[in-house]
């Protein structure tokens, strides 16, 4: 089976098509998979989150290209990472690749050398995705080792934000707002009490609210907010068939706090 | 030729990529086709309409997965349907699959049993698309019969809404609003008089208007509304290079009435 | 390697899926590549620009289908073009195909004859993409010559808008607004002075502004506008991590003027 190449970007379909034109010069049809080109523009943290969770289930040996790159053309390094399972990650050294690489295990890194990847053709200063990362991915998918395309390098090792707290008070932040307006946090579902419990939830600068911990969307009435165990294994705040992002005016990077158990207390708004 | 797997969802590209990660573990590159991930959120009727019309032209034997599933994790059954032409449909038992299945002929149904699809790995309560439907589709694309993955089941048999009326007065509803704002109804084009006629059209709670029945967009001036025979074989109300949805403040599920012939009558607004 | 078929449209994913259903009847899985279905609705000039720049890097011999077709069903001809490198272009004769065809070299053209493409099945008046262009593309990808599907025809030969001016004053227009709000003009980067220079820039009916000519986004502060050499080889006006389209209320077709050098002058707004 051909080695797959995945694409995760904030550049939209049209620019991504220019990357595919490069890839299709040498790769078999069908070996290039669009993960998403809808990462919010310039949002490296959300790109890193999405890449990790979209890509970690792909077969070992897949080449993952991520282009969320507000610093394109600057001195930030262009990177290739090889992981313990034989996968390869290609993209800018701004943290977008590291959480996935770290999860796939024992990453080795090189700084891509344009002269080795595309001899005689220096990349444009505004679109290395097409001019450097795509040709590198094509070479790597064809079997090249990362060491053939660059020199050992010490990349930015920034993990996803780490949640903190005690079983009574868990603090984290919003990592992702999905298409439905669900707020995915970094607090593990296993930290929270099981469905049926109640939680005191503080999102961003909003006042504290009491929400139910529910098992699935259909367990709450339409329009009601609740706390769920998301499919990422992380707590999520959602409004059934509505948008929690709009309801709570919350977005990526906003702090979140879950507290329990609910003792006698006044002045908390029930939602 | 490999058996194709199509994906029709309201979950967006990033969640869909997690489904693809599952499919690519065993399926050949290029066998997975994204139909759309832009079905309006939670809109089962529009999902059912789009699935039928996008998928019915696919080769016999294709596996069609639909995830428009506001009731995920509830007691609604996870379903696989096998049709007379050898195609297979996978998704929730909420009506999204039935119109296509019925069109493809003589559906047999099973309720998917997670223990048979993914032994020892119960699906998450919020994303059966990834944890149950995708693995089932991979097994079915590889040749499994639906009966190997579940037990016979009597699914919800909800067809698309049926239009009614006489040749003089046809009543239906809007089934789909496309990217251009065209309003696709469920009234068959063959019920209407040929291009050149005029029709009295009532949309939702708007007052009746006289519109031309036109053959194609370029037969009416820019900005003018008219009634067309859509590519679905259904009447459509459109504004040339404009949005009928905005013009008439109409959306999916809104009632529509077409009347003819136009007798002498006053007080009708010409548009 | 199978011959690739690319799709560039303004019709969205759901209609495009109906085209793919036709293509997959005879083509190998994975040979169909979505370039974009997000071309602004009815915008032939932007479609022509995007098609040229997305498709020109694809392998020789690729079949490119473009459906940006406000005149569908009118007397405008359905077209197939064969170019010097063995590529084939399929779409309406409204100018969307010509810039790419001209770039690929020496196009021969035929007017597609529905009776030869889909004998006995006249296309719908509203969706020739599905009913004529997709079946033609399938035949052409399988090796048919364009002359088998139609008769020689003299197509509209409209190139992309040509920039004019002297090295001191360059005039052009905005060809494309990308996902980030960057304004891509038709003025070649090589006409402009190198990074570090300053330019007097007039966009649409806005008053003249002084902007830096910068090498890459990270060379200017966040929120600052500047002139870059885009990845298209064309000058682009951008706001770092912001939208130049919003900042300057500018869009496709708006005139742009770059002047230099900056002599003593008053009343120019520095941005």
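To keep things simple, chains are lettered A, B and C as they appear, and every chain counts its residues starting from 1.
The definition used in the following text is that a residue touches a chain if its C-beta (ideal position, glycine included) is under 8 Å from a C-beta of that chain, and two chains touch if they have at least 3 such contacts.
Remember, predicted model here, so these are calculated numbers, not experimental data.
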Contact graph of the chains (line, ring, star, complete, other): complete
Rotation, 0 to 180 degrees and nearest 5, that superposes subunit A on copy subunit B via CA atoms: 120
Classification of the subunit A:subunit C interface as same or different, half of numbers criterion: different
CA centroid of subunit A to CA centroid of subunit C, Å: 31
Interface hub residues of subunit C, defined as touching at least two other chains: 28-31, 34
Residue ranges of subunit C in contact with subunit B within the complex: 10-15, 17-18, 20-22, 24-25, 28-31, 34, 41-42, 70-74, 76, 124-127, 130-131
Touching residues on subunit C, where the partner in the complex is subunit A: 1-2, 4, 6, 28-31, 33-38, 50, 53-59, 178-180, 215-219, 228-231, 236, 240-241
